[in-house]
Amino acid sequence: MTAQTTTASGAAFAGVLQRQGAAVVLVLGIAAAWFAFPHFGSADNLRNLVLQGSFLAVIALGMTFVIISGGIDLSVGSNYALGGVLAAYGAQYGLVVAILLPLAVCSLIGFVNGLLIARTGMAPFIVTLASLLFARGLLLALTAEGATTYKVDPGSAFLWLGQGTIFGIGVPVYLTLVLFALGGLLLRRTRFGQSVFAIGGAEQSAVLMGLPVARTKISLYTLSGALAGVAGILTAAYLQSGVTVIGVGTELDAISVVVIGGTLLTGGAGTIIGTLVGVLLRTLIQNVINQIGTLDSNYQTVVSGAFLLVVVVIQRLLARSRTR
Amino acid sequence: TAREETPAAPSNGGGPAASAQSAAPSADGCTLEKTGYPKVDLKTAVVGFSQSEKEANPFRITETQSIRDEAAKLGIASDKLLVTNAQSDLNRQISDIKSMLDRGAQLLVVAPLNSDGLQPALDAAKAKKVPVVTIDRKVTSQPCTDYLTFIGSNFVEQGQRAAQAMAKATGGTGKVAILLGSSGNNVTTDRTKGFKDELAKTPGLTVVAEQTGEFDRSKGQSVMEQLIQSHPDITAVYAENDEMGVGAVNALKTAGKSPGKDVKIVSIDGTRNAVQLIVDGSYNAVIESNPRFGPLAFQTLQKFENGEPIPASIVISDDQYDESNAAQKVGNSYK
Amino acid sequence: MTATTEVLTAPVLEVAGVTKRFPGTLALDDVSFTLAPGEVHALVGENGAGKSTLIKVLTGVYQPDEGELRHLGEPVTFKRPIDAQRAGISTIYQEVNLVPLMSIAGNVFLGREPRTKAGLVDWGRMYADARELLKGYGIDDDVKRPLHTLGVGAQQMVALARAVSTDAKVVIMDEPTSSLEPREVETLFEVLNRLHSEGIAIVYVSHRMDELYRVCDSVTVLRDGRVVHSGPLKPLPRIELVSLMLGREIRQIREEGVTAFGEEHDVEREPLLKAENLAGMRKLHDVSVSIRPGEVVGLAGLLGSGRSETARAIVGAFPLDGGSVLLAGKPLKRGRIKAAMRAGIALLAEDRKTDGIIPNLSVRENIVLAALPSLSPFGLVSKAKQDRIVKIFMERLRIKAASPEQKVSELSGGNQQKVLLARWLATGPKILLLDEPTRGIDVGAKAEVQALIDELAQEGLGVLLISSELEELIDGSDRVVVLRDGSVAGELTGDRITEENVLTAIAAESTGGDNDVHRHP
Amino acid sequence: MSTATLERAKVTAWLQNYGVYLAVVVLLLFNVAFTENFLSAANFRTQLVQAAPVCIVALGMALVIGTEGIDLSVGSVMAIAAALIPLYLGAGPLTAIVVAVIAGVVSGLFSGYLVAYLGIQPIIATLALLVGGRGLALVIAHGQLVQLHNHDFLQLGTGDVLGVPIMVIVAGVLAVLAGLVVQRTTFGRHLVAIGGNRPASTLAGLPVKRVLVSVYVISGALAAIAGVLATSRLGASDPSDVGLLMELSAITAVVVGGTPLTGGRVRVLGTVFGALLMQLVQATLIKHNLPDSTAQMVQAAIIVVAVYVARERSSR
């Protein structure tokens, strides 16, 4: 009896670790970095860290929804870059255009992704791979093959979105937090969110249970596209220009942080907060690499790959010990 | 334009360090006084270097090495030289620069990933009164206020010089294929613009195809193979970097043509492989883009700290290799 | 709610001349079917007769190729399941169709979660409502737990609770009892009675005659996609119903009896397989079973008593902490399915959808799958050898398929089961572990399978038979081992194998707090 | 009316099976009509040679996808193979090739182990290798491109036998082998069964883990071979660029060729034609000198259309 309860509590602990494992690693990592590197804990550095993470976080938020539904969205990187260019372009015509234009276009691309996936049954991987190419092509077409960089007028109010600060912390950070709070609400406290979980957990069942599966999927990919657009907008405001070279490989970064955050790639389970933790972990690692300073740049990618692997393996082993 | 340079420390295959085109300091240059920045001693200062891409090609390898070597030569302690690599991620480069500032960098050398978009990092440096020298790529911010100065090649001019070399190599007539660099890259844009504008002055030369080879040898080779088939009349290739040029040579050889003779090849960079091909007779000209910025960058910072005026941009005098000089100068190329 | 006693003339749901084709199959052929308000209507037929297909037409999963659907007299088209649900038609499908990773409560209310004024999901109310609702179905588990932690039977009850709680006017149940234990079946019938008295119409699909006569008012018999009979059930003698389903003469059936098992078998003394003191994963504590050649050993017990786990443990598909399996005196390596197979042990798993068929592959490939290495010299596949085997088994088990190359997922449940049985027989096993081999199989097929088990035992195979149908177990077994909570609770042989004795062994000491029957914490 | 729908069903079923071949033919005809100098032996040779590495990688990818997996690491494996070549070329081309292929096998073992034994999602296990592998290749090569001069080795990429380029022969032989493996060996049938229903395959006593690991090993080895060939053709070991985005090209070829990402089915010939189709698309775009922007959008459209036609339809 007692043996059973201890193993049960052990399993529960492993469960907590598995779900919050990334958070635990994050806390330990921050603590270690704080002691090891004199400059790590400085307000400037921390501010820098969270600001840098916020752009990827917004993209990863959309990706979290998509992955929970059992899908994947490879188009976010290109969409993000496209959003940035459109925002900078739109900024010539004022704040409203700067925001609405990229949102509209990026959402539309997401919408088409969703439509193709939900209505034709094509694999998300391949549909969004195609739109990765398409969005990048569109970006190049809009910028004379990348030769034009739209600059945002330094006086534009639009820049506040990216460069403004409140209590010393960048506006994108607040926006990210707001979006994550809304995202959490959407996922946990709405029927839409429940449908997302159901679709990821057992799509056929979701259909038979009468859930609006197609509509939910379309909304999901639209949301992911829109959030990539938002990240683009923030980046354009932050960089004061529509930089054409951003977003290459960002989809893989986003997938990595979502998975590190404990969301299952098989769908049906995951958390918003985990993704936030995943983003922070990634930023932390980069920061620590910088603080060490002597790591050859080629080794750095080896380290990132190894890190991803270690986190996933640990999660997996913990999950196993829990089902034991 | 080719001036004989005294070779710098023979650390990277012994090529000469970059040197300024016009040494005369302009009177309205940027001075320590004008910026109001504190004076720091180069020998004891913390210096930060932000590299943009992985050191996975000759240019980046040589560039970073040159900075490190020069710092060592000047006696800057290794823990006083902070080096970061942004892995081609612009946001990360900004964060890298901020992080170095945070760790006490007093002087910054930055190899920007992109001409636009570094503003937040430059603002942070300005706020901390840290002078920034950008190398190899110019940023579109305000010199002296946002950053101190730019040291590097003029990419448009490189394109122009390539066009001139092309005109010379072809004798002014021919059909030209352009192997473009990566789309969206400033370097691609500038080298294309310079080349095309200049080429227009030679009516005998027409561009029949322009396709991206993404600065990559194998992509350049593949594209060239396709172009040889669809445009058998191509007589000249302009590659926006050496790698694609070498790829084109491979493609031409496989197709049974003799590069350098049937089809003239001009490219930009100055890597050992390309220059050696000129010596071997299967290449026509290479416009140098010198990555050895170390000495000039530190010199410039030193001058600035000394109170001397610094011009808004310091364009380096890039060398040029062709049939006439490749054999003697092959040692100057980098790898 | 008061029962609607007034006689409504319009049928709630009506199907008129519906035809549905699948590539190679005419699943429904000009089928008409009428469901009056408040009636419990049985839908019966052999495997592959078209019952599930008809249901899927009724609920908008499939669209009919011809014919029409009428709801309260009005023609309707249900494009998607949601359309049918909006019209008050609720369904429990043959296979549990819920979301395993989601909480129990979440499953019950999925798509119609109670909401706060702000429009947000009200988890507190949802949990409370779910707890309240599920109590009526004998489920007392923590509703916040993920659904997959429940046993299959309990999951089926959750599905039922969900379906019934949607203000349905029509509830359709496709073999709801096939994965329920007796006690749960009782609960189900209580729910049925309640629905009945509330005037809700019910379509009830089952292969179990007793149940049909207990709960149904009228019956529609399908055979090969056509309606062969429709009318009140009670006046129809059982034997006639069976003959309608099978399309065979009554006399013929009489001769064959209720179950197709023969007399006791000649059993050798020495056990061929001995499983001793199996324990693992908190599901098995101490199980010992032995099987002699030519013997059918029945494994009885409630759902969750560890019967499936025992069978899986024997072939190495269930991780053990202790115990050993000996075949002909030699210990088998633990956890090696391959080794068990080579030694001649075959397991027909319980859940054919997830553990049995490979849906993408053809009937042929599914049959030869396990025997493939022995049919393939040097690892090279020989089609001729396969075809021979496949032909033999398709004939012997009377597998109904358009051709051996038909995708197995297109067969009806019963035929899929036969394909799986063929897969194992093709490996030439010495010991056959059958976990619910006749679940979801029509009477005809069931008799065939039972006769087959008999025949196999006669040929000298040792058989372990797991079945939730006591009748089958009692008739078919030479010996019955009763499991309770992962341990052996008793063993019956010869004349002592009676329904009463088995039930006593199952029920003994299963005292008051049998809330945890579904599963142990 | 119902005969009409039946006809249509037949047409779509035909397209689903043969769409990719039809697309290749259509594109060829288009080129013959509208592209200058298309009909020449040299041109076809070019297309085949260029398609060879993608095709080889795609064969391995098709097997992996057949088991419901995916292998994102192929590009990085190519880079590792490329990085190793110059280190061992001194000991002869054969040694260098063997070492490179062994490296591919080892990385395949690695991802196969992660997938089969630790139960890590294929996409994430191989993503880690995609990120880390190229870094490793660059570390091995010190970030340097190395010019190769070994004549025998270079022959692989440029030479031919009886007028057929060696690269094309290698790709062809491997394709035939892959076809035989899938259709005619127990391994191949196991692979498809595992992709179709893994728990059932386990219970049927199939060597699931061994098959999974083997599949990743094959994919790794094929990627390494592709890396060797690409290196030879290039005349240089270029770990920073060789195989970049190869995973996406290979997956595209496989899927366009009619192998569903959901596993349980492998179409080898379709994969070969998928690779050829994408090669022809690219060639057409280059030969017509379309700008990069248009080229990318056209490719996107073609992928969507091809996959749309070849997709598995749910019976509704």
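A few notes on this one:
Per-chain residue numbering starts at 1, and chain names A, B, C and D are given in the order in which the chains are listed.
Going forward, a contact is a pair of C-beta atoms (placed from the backbone, for glycine too) under 8 Å apart; a residue touches a chain by one contact, two chains touch by 3 or more.
Worth saying up front: this structure is predicted, and the values here are computed from it rather than measured.
Of the two chain pairs considered here, A-B and A-D, the higher C-beta contact count falls to A-D. Computed from the mean C-alpha positions, the centre of subunit A lies at a distance of 34 Å from the centre of subunit B. The distance from the centre of subunit A to the centre of subunit D, with each centre set as the mean of the Cα atoms, comes to 29 Å. Taking the mean of the C-alpha atoms as each chain's centre, subunit A and subunit C sit 43 Å apart. With centres set at the average Cα position, the gap from subunit B to subunit C is 72 Å.
Multi-chain contact residues of subunit A, defined as those touching 2 or more other chains: 139-140, 145, 296, 298, 300-301. Those residues of subunit C in touch with two or more other chains do not exist in this structure.
Touching two or more other chains at once are residues 138, 143, 292-293 of subunit D.
All chain pairs that touch, listed by label, are A-B, A-C, A-D, B-D, C-D.
Residues 72, 116, 120-123, 125-127, 129-134, 136-141, 145, 252, 255-256, 259, 265-266, 296, 298-306, 308-309, 312-313, 316-317, 320 of subunit A touch subunit D in their complex.
For subunit D in complex with subunit A, the touching residues are 70, 114, 118-121, 123-125, 127-136, 138-139, 143, 248, 251-252, 255, 260-262, 291-301, 303-304, 307-308, 311-314.
Residues 39, 42, 44-45, 48-49, 51-52, 55-56, 139-140, 143, 145-147, 149, 151, 162-163, 235, 238-246, 248, 283, 286-287, 290-291, 293, 296-298, 300-301 of subunit A touch subunit B in their complex. On subunit C, the positions that touch subunit A within their shared complex are 59, 61, 80-82, 84-86, 91, 93, 97-102, 106, 110-113, 115, 119-121, 123, 162, 281-282, 521.
Interface residues of subunit D, counted against subunit C in their complex, comprise 2, 5, 9, 183-190, 192-193, 195-197, 199-207, 264-265, 315-316.
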